[in-house]
Amino acid sequence: MFDAIAAWYAGLGPASFFNFKFLPKYAVYFVHGIEYTLLLSVVSVLLAIIPALLLALMRLSKNRFIKGISGAYIAVFRSTPLLVQLSIIYFGPFSVIRLPVVQLFGFVDISRFIPGVIALALNSSAYVAEIFRAGILAVDGGQMEAARSLGLSKWQGMKLVVLPQAVKNILPALANELVTMVKESSIVMALGMQDLMWGAKTVASTTYITLAPYVLAAIIYFCINFPASKAIEAVERRMRRGDQR
Amino acid sequence: MAISGETLIQVRHVTKEFSKGAVKALDDCSIDIAKGEVVAIIGPSGSGKSTLLRCLNLLETPTSGTVHFHGVDITDPKTDIDLHRRKMGMVFQHFNLFPHMTVLKNIALAPTQLGLCSEEEAQKKAMALLERVGLADKAQEYPIRLSGGQKQRIAIVRALAMEPEVMLFDEPTSALDPEMVGEVLEVMKELAHEGMTMVVVTHEMGFAREVGTRVVFMDGGRILEQNTPQEFFAHPQEQRTVDFLSKVL
Amino acid sequence: MKNNKKILGLALSAALSLSLLAGCGGGSATTPAPAESKGAEPAQSQAAEPATPTKLVFGTSADYPPFEFHILKDGQDTIVGLDVSIAYEIAKDMGAELEIVDMNFDNLLTMVTQGNLDFVIADTESTPDREAAADASKPYYEDLAPMVLVKKANLDQYKSIDDFTGKSVGAQTGTNKALIVTGEDEETAPIHMTGANPVLLTTVGDLVNQLVYDKVDAVVLDGAVAVKYAQTNSDLAVVEGVELGSVGLPCVWVAEGDPKGLLPSINATIDRLLAEGAIDTFMEEADALSSEAIGLD
């Protein structure tokens, strides 16, 4: 039985789905790829939070001009492909802004990482802005009225009363955005950013094992994202129970 | 009218339209509120009484007309409305307590945030007010653990913590279970006896008759008639008032 | 295909110019920005004085053994291959430090025209379209002619180029192999297929996957690459007897008009390496490294 499996594995061709013979020799590409992908996703979503909050507040403003700017930004970034946005930012502003080639942790090239993070953060801020807007709108309007009736300013009401309550609606959606970003960020490979997908492509081209590295990458993405989404669901359920107390 | 104090709020020709004029909630309303008065605004639902009340502290901005508070035109966009709202406490039908804060924090929030007193002073004052409404033991609870009547008494205390000159009540007992209405009305009655100026939108005819110094009847966005409670309930002038009273009494 | 690339490049540049409104000299494909901070003497024509940069930024697409590919050298990710060895020689002759930028093949010429790369070596043959966008050095390598890779089981179906009519044939996006399949540019690829369904992808590995899983019937690759895949995968074979002819020789590419004045020195290096026979040695070394990388033990 065991011999049969071993024989089957040894006989796998270079284009087989399960030919993982490139491991352990090339495992380092996947380890660095995971680290790069996680770093890229986390930093991008964190960077997106402040602009997203601004965009959401602008979107909720009564001033039509301010509202329009935010609406246009969100519309543009949500209605165009991420790869195009990434290319425009990388070949546009960052062909003028020359960043020094500095290696972070020995494998994160700053001159590419920063344009990638900025493009992903700009894109993500459009989505996170809508998360914030929905979270803010889900807070009962009477809360802001109560704050204003006590003489608090609009911003004080937002900061002290509405946003702390909106956070509960926002956090799970924000965590989901991070899960999405872990997957979506794989597109930065096109610009040579050394994420998990790039690691898979590089191993595939070097070893002539053309499929299994991608299968491994898929397994890794799944192992990161599936438990993460389950954990978010569990936290969400507990928060809802808290509400019904 | 028994009260001869100075005019606190002066409403002149206030009209409020919603949905770009499709709905006229208020139609040319004018009214004066004097210091020390307890004005009960009554009328069928949709008559515009809540809208009128909300125009007094500009939670609704009138489409036209003016509202003066202490002689200052607060409908003027240049007026800092936040400063004037501090002196106009408001109590809502659905309490609108801040669910993420303890009772004490709810009450102390505005005074401390607006720099009127220190955190310590604000909490001391909050405790004293809670004592008065018999809820001192709830200071560290979150609103979710309180009954409706308790919530509304705390909402009143929260407004009082700003030491307002007038209290606006927007159907304060409508969302309460019947057995809790009494405890809230009791607190309001006490406030009235202490001489607080109050404007109360209510369906409690008993309260209007017993505590009010004046009753205002509204229908279709207009103030139809106003009088002392005794006169109002004994000798209603308008046919619509008669119809309304016959339904609710 | 190449035309599409250029249009995309122009579209990106135009979008950029719009978004920045002004102050973006590097955005236009035809007016490369001078590379400040690179230490290069700005020169306006090829006749200019030879440049003396202190650092050279070299662009390639390292997924194409044996020309350029990644290996683990003492546990460190390293880019090697024939083109990389030549790049090091170019830098050495100019007394400059070499910085390698690895990215998708189809973005390389955009980057060099924008001035973000000093030169590109990526087994990129000279063609009229490419000459219009960038400047090429002399050819440095006599490549094997392109070859067609098919499933060994189907090998006997393919005797001449006409046998690919009605078949799905893959090639790498933006390469001359793509022109052989599409027949879009007779000037560059006089021998081409007619009536094949072109399937154009960005990486060679993906093309081979398509072939193995019967999504395409054949793949046109550089001769050396096709031979390597046939050696490593016993299911695959190179079609014999179908001559595709040479579609230009690989060159080193710099921005149009050679604003940094690098070409004279690059050409001198190529001359020296050809005279010394070093190119063949580099190719043997690259082959050995590639075989070693495949040997997974």
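So that you can tell them apart, the chains are marked A, B and C in the order they are listed, and the count of residues begins at 1 in each.
One rule holds for everything that comes next: a contact is a pair of C-beta atoms (placed from the backbone, for glycine too) under 8 Å apart; a residue touches a chain by one contact, two chains touch by 3 or more.
This one's a predicted model, so the numbers in the text were calculated from it and none came from an experiment.
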Partition of the remaining chains by touching, absent chain A: B | C
{"item": "Most distant chain from chain C, judged by the mean position of its C-alpha atoms", "value": "B"}
{"item": "Central chain of the complex, centres being mean CA coordinates", "value": "A"}
{"item": "Distance between chain centroids, defined by C-alpha means - chain A, chain C (Å)", "value": "32"}
{"item": "Computed distance of Cα centres, chain C from chain B, in Å", "value": "78"}
{"item": "Centroid spacing, where centroids are CA-atom means, of chain A and chain B in whole angstrom", "value": "48"}
{"item": "Chain C to chain A touching residues, read off their complex", "value": "12-13, 15-16, 19-20, 24-27, 33, 36-37, 62-65, 69-72, 75, 77, 99, 101-104, 107, 110-111, 114-116, 203-206, 208-209, 212-213, 228-229, 232-235, 290, 293-294, 296-297"}
{"item": "Residues of chain A defined as touching chain B within the complex", "value": "140, 142-143, 145-153, 156, 160-161, 164-165, 245"}
{"item": "Touching residues (chain side chain A, partner chain C) in the complex", "value": "13-15, 21-22, 25-26, 28-29, 32, 87-88, 91-93, 95-96, 98, 101, 107, 190-192, 201-202, 204-208, 210-211"}
{"item": "Chain B to chain A touching residues, read off their complex", "value": "57, 59, 82-83, 85-86, 88-90, 92, 94, 96-100, 109-110, 113-114, 144-145, 155, 158-159, 162"}
